[in-house]
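We just call them A, B and C in the order they show up, numbering each chain from 1.
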Amino acid sequence: MATTHTRSAARLMMAPSVILLFAWMIVPLGMTIYFSLLRYNLLMPGTEEFTGLLNYEFFLTDPAFFDALKNTLLLVGGVLAISVIGGILMALLLDQPMFGQGIVRILVIAPFFIMPTVAALVWKNMFMNPVNGLFAWLFRLLGAEPLDWLAVAPLTSVVIIVAWQWLPFATLILLTALQSLDEEQKEAAEMDGAGPISKFIYITLPHMARAITVVVLIETIFLLSVFAEILVTTNGGPGTQSTNITYLVYTQALLQFDVGGASAGGIVAVVLANIVAIFLIRMIGKNLEA
Amino acid sequence: MGSITLRSVSKVFGEAKVIPSIDLQINEGEFVVFVGPSGCGKSTLLRLIAGLEDVSGGEIVIDGQNATELPPAKRGLAMVFQSYALYPHMSVRSNIAFPLKMAGMDKGEIDRKVSDAARVLNLTDYLERKPRQLSGGQRQRVAIGRAIVRQPKAFLFDEPLSNLDAALRVNMRLEISELHQQLKTTMIYVTHDQVEAMTMADKIVVLNRGNIEQVGSPLELYRKPANLFVAGFIGSPRMNLIEGKFAEANGAKTVGIRPEHIGLSRDSGLWEGTVTIAEHLGSDTFMHIEVPDVGTVTARAGGEFGVRHGDRVYLTPDETKLHRFNDRGLAL
Amino acid sequence: MARKVSTQRKVAFTVMAWTIGFLMFFPILWTFLTSFKSEGDAIASPPVFLFFNWTMENYHEVQSRSDYFSHFWNSVVISFGSTLLGLLIAIPAAWAMAFSPTKRTKDVLMWMLSTKMMPPVGALIPIYLIFRDGGLLDSRIGLVVVLTLINLPIIVWMLYTYFKEIPGEILEAARMDGASLMKEVIYVLTPMAVPGIASTLLLNIILAWNEAFWTLNLTTSNAAPLTTFIASYSSPEGLFYAKLSAASTMAIAPIVILGWFSQKQLVRGLTFGAVK
């Protein structure tokens, strides 16, 4: 639906976005790959030299890397499990007839808008603090010994904080999907003799399947890069108990100034994210055709 | 003002030749209807004339000036779209005024022209409303109003009535015909409905697979279809097309006879057949009759002709109204 | 079709949903309440909920001690700046892709999306070094550029899905009516696209406001937005709950309110149109 004139105008209008994004993708990535092949430490300027894959060897054989990889997977998996299962349950509940549905929705969605540093600090100090935190008070009330959450279960604590932020996201998207389910379809299923459970399994769940996939994929992309929550709560510790790959690369780069090693780590993170991205892109691409 | 000439105009989308090559002359003041089944290229042809698509070859001449390379706005044509394409955020007044505003006309002149158009189209009371507050027919009239204020060389209509219900469609058909009588401007009208074509056109262009099958006045097409396609497309119910012995006896591969040109009788005739379906419309009765050796024949009788499924009737085609076609489907 | 539901069931669902809603919201409510307490009330055991001496003192102190408003202003400049710049670049692109699509349009959109998938650590070091050498560290302009680029794919996508819903015939009508490309965009496309553009603007301000990887790594003080400002409360000031709460409340209030307005668009934006 176009003439040559509009087509060339179209190309011109797309140019800035395409060029900028291309530069944004290729320049840092190219530099990171280049640095990853160098021995390059900011504290020792002028000593850069080509070392091949040595940085990768160091990074991938570093025990901290395995901890970080394990923590990354646990963090992503834990938050996903909580937010998807919790999200489905909450979406189902919010879809029921009730008084003040709009207000409940607003209450539930609010944590998603909280900036990560605030969420992390509020939870760290006001809830998880072993002396003055609300959890400590609750434990004492129940006659239990208060827990020093961030010292005893650092990764679990981070998972709780991050899940609190992402559960609303899952709920909101799943609820939106749920509300687009045709009421007549549910009624038809009822006429066909389906009870609430078979209605959920055969009608509701398949209808939500795509939304669930989208939630899983998008959350994964963001969760692989969780950073601020770790920085302000545990600093990755104790030891490397709550260090994920993003945080590990950050410590190598900006705390140890090891540009080469950190770059290798960055590339490893890119590769991991790409594995997820391929699935997400397929998924959204399919939707674009429909 | 308003003559349009197409010379070897063609359009190719990727691999698909939508329009192989078309030559057509549209005279000043004519009401020309492009008609054909969906996918025949009629809308594409209209969009080529409008300048919304580039031609792949050939040239378009408007009023003696080569307009092939001109952008749509410079061609002096106005178009009414199938969806009306009203600007939803503008009032009826602003919608109608928009082309004048684009032309940089001064405010007083615009106001005058808009109120004239509104009066002609019965929209005076609705000028301040938004399109979504109007009925389908009113929206249609706003779209037409937007077209007429520009006093274009020609109007282009792209299936403008297909979104209206049946009763309103008949009304708007009359209104557009009346408008043409008043304005005497060239109009090109695209439709897939042969009834609209027959009732409105001065000249019908029948298109099929991007080719012109025939050009002529409605009655010419009805009386002398140039080929099987036109024969089958123009006229309702469709012409009966008969092959075999009867056709050979008439020296043709195929013989066509319109339902209204078949004499019916209960006791004698050329063919004897059994009624399979009788549709009683009140004024007319259309019968589908199974005739051995000939096939299923549609015939028209008066509304009071009381036949039912299973009745036996005799048919006699009017020899002077037979259409004969050769083995390439062309009229003999 | 509204279906008949017994009142008991409705009440039961209401109680359950409100309880869960309250629990989810509680940390925010608690922060808000604590911001009005004295430091003593803030750590009182058992905790006090409503019956304490309400005071504004924390807010005054946060402002005077750490200059809240300059950080707030940085957040505003960075989030609005990057969003507006992003819109400026993205509107023409989304327009072109929605109304003049070619065979490659889909690939371009997909590719844009894929740039969003790149984890920020993959780009951290080069960007840090470029910023250091270019004197852009701790500068607002540098952050505006980075946030524009990281949100550009989302902006293009959101606008694209909104523009897609505007029928092409209307733009063709404008073309027939003699509107130049420029006028077509100004008089026809933009007014029709305003709701979509507004939603995009809103969502991206929220995303930029809360962005915490680049802001934490590229700013320290002068250009530090609220994310960095709050992070500085990590320790030991974090133990002063009332002041932490006041600072937090001020950091999140504007965006939580904006967020409530944009719930619906949020779904579309964050799922790249896959869920509407």
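The rule is simple: contacts are C-beta pairs under 8 Å (C-beta built on N, C-alpha and C of every residue); 3 or more make two chains touch, one makes a residue touch a chain.
Quantities reported herein were computed from a predicted structural model and do not represent experimental measurements.
Enquirer: Find the chain most remote from chain B, comparing centres computed as mean CA coordinates.
Expert: A
Enquirer: Which two chains are joined by the greatest number of C-beta pairs in contact?
Expert: Comparing chain pairs, contacts are most numerous for A-C.
Enquirer: What chain sits nearest the middle when you go by CA atom centres?
Expert: Central chain is C.
Enquirer: Express in whole angstrom the distance between the two chain centres, defined as the mean CA positions of chain B and chain C.
Expert: Each chain's C-alpha centroid was found; their separation is 54 Å.
Enquirer: If you average the Cα atoms of chain A and of chain C to get two centres, how far apart are those centres in Å?
Expert: 16
Enquirer: Counting only Cα atoms for the centres, state how far chain A is from chain B in Å.
Expert: Chain centroid spacing, chain A to chain B, equals 58 Å.
Enquirer: Would you please write down the residue numbers of chain C that are in contact with two or more other chains?
Expert: Expected reply: 172.
Enquirer: Give the residues of chain B that touch two or more other chains, as numbers and ranges in rising order.
Expert: Where chain B meets two or more other chains at a single residue, that happens at 52, 71.
Enquirer: Name the residues of chain A that each touch 2 or more other chains.
Expert: 1-2
Enquirer: What residues on chain C touch chain A, complex-wise?
Expert: Of all residues in chain C, those touching chain A are 1, 3, 5, 9-11, 13-14, 16-18, 20-22, 24-25, 27-28, 30-31, 34, 43, 45-47, 89-90, 92-93, 95-97, 99-100, 102, 106, 108-129, 149-150, 152-153, 156, 168, 172, 181, 206, 209-210, 212-213, 216-217, 226-228, 230-231, 233-234, 238-239, 241, 244-245, 248, 251-252, 255-256, 258-260, 263-264, 266-267, 270-276.
Enquirer: Please name which positions on chain A make contact with chain C in the complex.
Expert: 1-2, 6-7, 9-11, 13-14, 16-18, 20-21, 24-25, 27-29, 31-32, 35, 90, 93-94, 96-101, 103-119, 121-127, 129, 132, 134, 137, 140-141, 164, 167-169, 172-173, 176-177, 180, 183-184, 187, 210-211, 214, 218, 221, 224-225, 227-228, 231-232, 245-246, 249-250, 253-254, 259, 262-263, 265-267, 269-270, 272-274, 276-277, 280-281, 283-285, 287-289
Enquirer: Touching chain B in the complex: which residues of chain C?
Expert: Residues in contact with chain B: 167, 169-170, 172-180, 183, 187-188, 191-192.
Enquirer: Spell out the part of chain B that touches chain C in their complex, as residue ranges.
Expert: Result: residues 50, 52, 71-73, 77-79, 81-83, 85-90, 98-99, 102-103, 146, 150 of chain B touch chain C.
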